[in-house]
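Take a look at the structures below.
Each of the next two complexes has subunit A plus one more chain, namely subunit B in the first and subunit C in the second.
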Partner chain A sequence: MSYYLVLVGTLDNPLYEAFLTSTKSASSTIMSVPPTLNSPSPSTSFSIFGALPTGGGGGGTPSATGTPSGSNVGYGHKNGPGGRHVMQLVAHASLDVVEDVQWGNGGMYLKSIDKFHEWTVSAWLTPGGVKIILLHELKNDEGIRLFLQETWETYVKTLLNPFHELNSPIRSPTFDARVKASAKKHL
Partner chain B sequence: MTNRDSLTPSVRDSISSTSRFSSLLSPTSTPSTTTTPRSSSSTFPIPQPSPSLPPLPPNLKRTSIIYDRPLPKARGTEVALGAWAFLFSEIIQYTQKRVSGIGEFEKRLNILGYRVGSRLLELLPLRDYLYPISSLRSPPPPTRTLRLLPILSYVHSTLYRYLFGRPADSLERSTDNEDEYMIGDDDMVVTRGVEVPKEMSELSCGALVAGIVEAVMDGAGFPARVTAHSVPSVPHPRRTVILIKLDPEVLAREAALGGK
Partner chain C sequence: MSSLNPLAQANRHKAIGDDLFKKSDKINAELFSLTYGALVVQLIKDYEDYDEVNKQLDKMGYNIGVRLIEDLLARTGLGRCKDFAEVGEVMSKIAFRSLLSIVPTVIQHPVSATQPQPAFSLIFEENPLTDFVELPEEAVEGGLCYAKILEGVIRGSLEMIQTSVTAQIISDTLRGDEKTELKVTLVRYLEEEMPPGE
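Coming up: the complex of A and B.
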């Protein structure tokens, strides 16, 4: 399954983003996926990404081309450029929801605040006003919480570098490696 | 502060939504300059999977010690007051050579403090959460501060105790303006070694602490303009007051949240 992680700074500027994939596709967590998606094999193409399912119980056939087919309306393959733009767009749209929620809920972990088709948006608000937003398809609350918490920890360590300015994009390869290792462990 | 050109007076007037320093603290370049679009038809650039740095010469190795260092504060790592006084006097001298007025002087100290405060604000809750003082089996989930009075008392007690080993001496609300709060410190530790000459009597080197407080208030979502003022009195000749002037939006939000 794929995930999209973005860190949004205090000025609503992106600091870091990553497209993550996980091998845990057919685990027990699939039980909590909405019933529209419970095909036996994890499908890599969904209705909003072109290739509308035609038959009943369909949707399990991945679109081989990875590009939106001419006759169907869609955004293209999930892992293609079009699909990635959708993920950026969904994450961006969820910022409004985060602002709605953040003054009513004192926690840092805001789980499942927004939904767009198969994407669920969870967020982690740091005390310094940075928003860590994760798009996910599976409901894996504990893993996601641990992953977001570790991302926060890694971010704080980045910030502790005196040469790192607040709200500047994170380009450290170590940060990238840490986030990916954490994703492999928890997602 | 290496970027001297950015400290022109016009910056002071440009108040952004989050901080009046944000134009200084954030880089001027747009965040996604290194990205390359995957396809020519894309409107927005898609970032590379991993950000790439310029390659190093083969005999050098990039270290990552800041990521491997543990977060808890070890005992006995407090900075000696003498060492601090020496460092602070160098900061003051360095700054004094590069400013033209007291306002600019304090602004520069304020910016230095802001850089400290924005890091403390993230670090302290993380440390408390990962390494709680009490040995509870599972620490409570980390929380954010939503209301004005808790954040003020957090600054007054927790932050102050972390920085200086004791809480501040007073926390008051201004009687004249309801958007102003004052944190009083009878003998501020950072300025203990500073003797301000008479012709610069308006200067308060506590501007550094004001910058720390401003960063904490800004980051926690309570944008404010924080300044330090020397208010000498007979029992406390070194008394400093940190004046917190909140943005109107904070008071409006407080009023909206008031029913809860």
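Coming up: the complex of A and C.
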């Protein structure tokens, strides 16, 4: 489905944000639907969920829990009410939770630290204090962990660029391309 | 030496280069890239003019080159190259191999109607100086040549062995071109000059 990724710098400033949609999970839920309804684009698949009574739930796929009320437009969905601003607000609110959890957790991957309606917030805390926050509807621990790790590695490569100033927004198209490719692979 | 066929000679150069590389002290490549990057960025901050930065990098390269050639010749004990083409081969297989651990591809440009002087081009597939670097828009538009120092090094080192050349980076992957190519053209061979006053 859709994901919201934001990299937050040490001054709580956003360095990079991306709205990602994954065609991978959308197509895996379509598998439980009769083949005639198989649609390639994710945007139309949302309406398919709304039309089906319990078709998505029967397959037991992770995204089956993604539409609890059966409505196809969630709270923070980009086309829904509030939309992108809600997601940014949720991510910002979760920064406090990250700071709380970081003292208990020794590793960098902080798993799911917060939940807002149907959105779960997972975070990755880099050794340099940069927080990589991912808002997601689906449960995909391993994939999300790998994705956050790859995003971190791409971020480290960006840091090695002598022209990059610490805590400055990341505008490089290579970073963008790598993150999107990594999202396609893992999410 | 002129009786050796080109292949044997190339192998010889490669062997000398690899051997010298093995005997040399190594430093961490990332440290090297970061140091050069910090140097370039600081120059940009200080001069605020990309042309001036290019000139300074070239000057620095020249100073490095005039000292470097002595060190290289002392450690390898190489004799004279028989022609300018061999200079290119030695530079690529021995000098670059032992100093930066890369072997740029050499493309010879022999004398022709449009080009009275011999030249060769070095094509860099990888370059430790430019690892991880992405030039911002202003730098590309301003004309910054990130690896300019190499031009100076080549010019300085060859001048110390009586070869006056012009070295120029004619295409640069950092600026969006397909490959990084450094063209070295012979200007003239310098005669040994007596110091003034003698």
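The rule is simple: the second predicted complex is superposed on the first by the 131 of 187 C-alpha atoms of A that agree within 3 Å, B and C clash if a C-alpha of one lies under 4 Å from a C-alpha of the other, contacts with A are read in each partner's own complex, and residues count from 1 in each chain.
The rule is short, and it goes like this: a residue touches a chain if its C-beta (ideal position, glycine included) is under 8 Å from a C-beta of that chain, and two chains touch if they have at least 3 such contacts.
Bear in mind the structure is a predicted one, so any value in this text is a computation, not a measurement.
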Contacts of A:Leu160 with subunit B and subunit C, given as first, second, both or neither: both
Dominant toucher of subunit A (residue count), subunit B or subunit C: B
First (subunit B), second (subunit C), both or neither touched by A:Thr174: both
Partner chain(s) touched by A:Glu142 [first = subunit B, second = subunit C, both, neither]: neither
Subunit A positions touched by subunit B in one structure and by subunit C in the second: 157, 160-162, 172, 174
Partner subunit A, residues of subunit B touching it in the complex: 16-19, 22, 25-27, 31-32, 34, 37-39, 42-44, 46-47, 49-53, 62, 64, 66-67, 69, 71, 115, 118-119, 121-123, 125-126, 130, 141-146, 218-221, 253, 257, 260
In the complex with subunit A, residue positions of subunit C that touch it: 30, 33-34, 36-38, 40-41, 131-136, 139
Of subunit A, residues touching subunit B in the complex: 9-11, 13-19, 81, 84-85, 88, 102-104, 106-109, 125-130, 152-162, 165-176, 178
Subunit C-facing residues of subunit A, complex: 157, 160-164, 172, 174
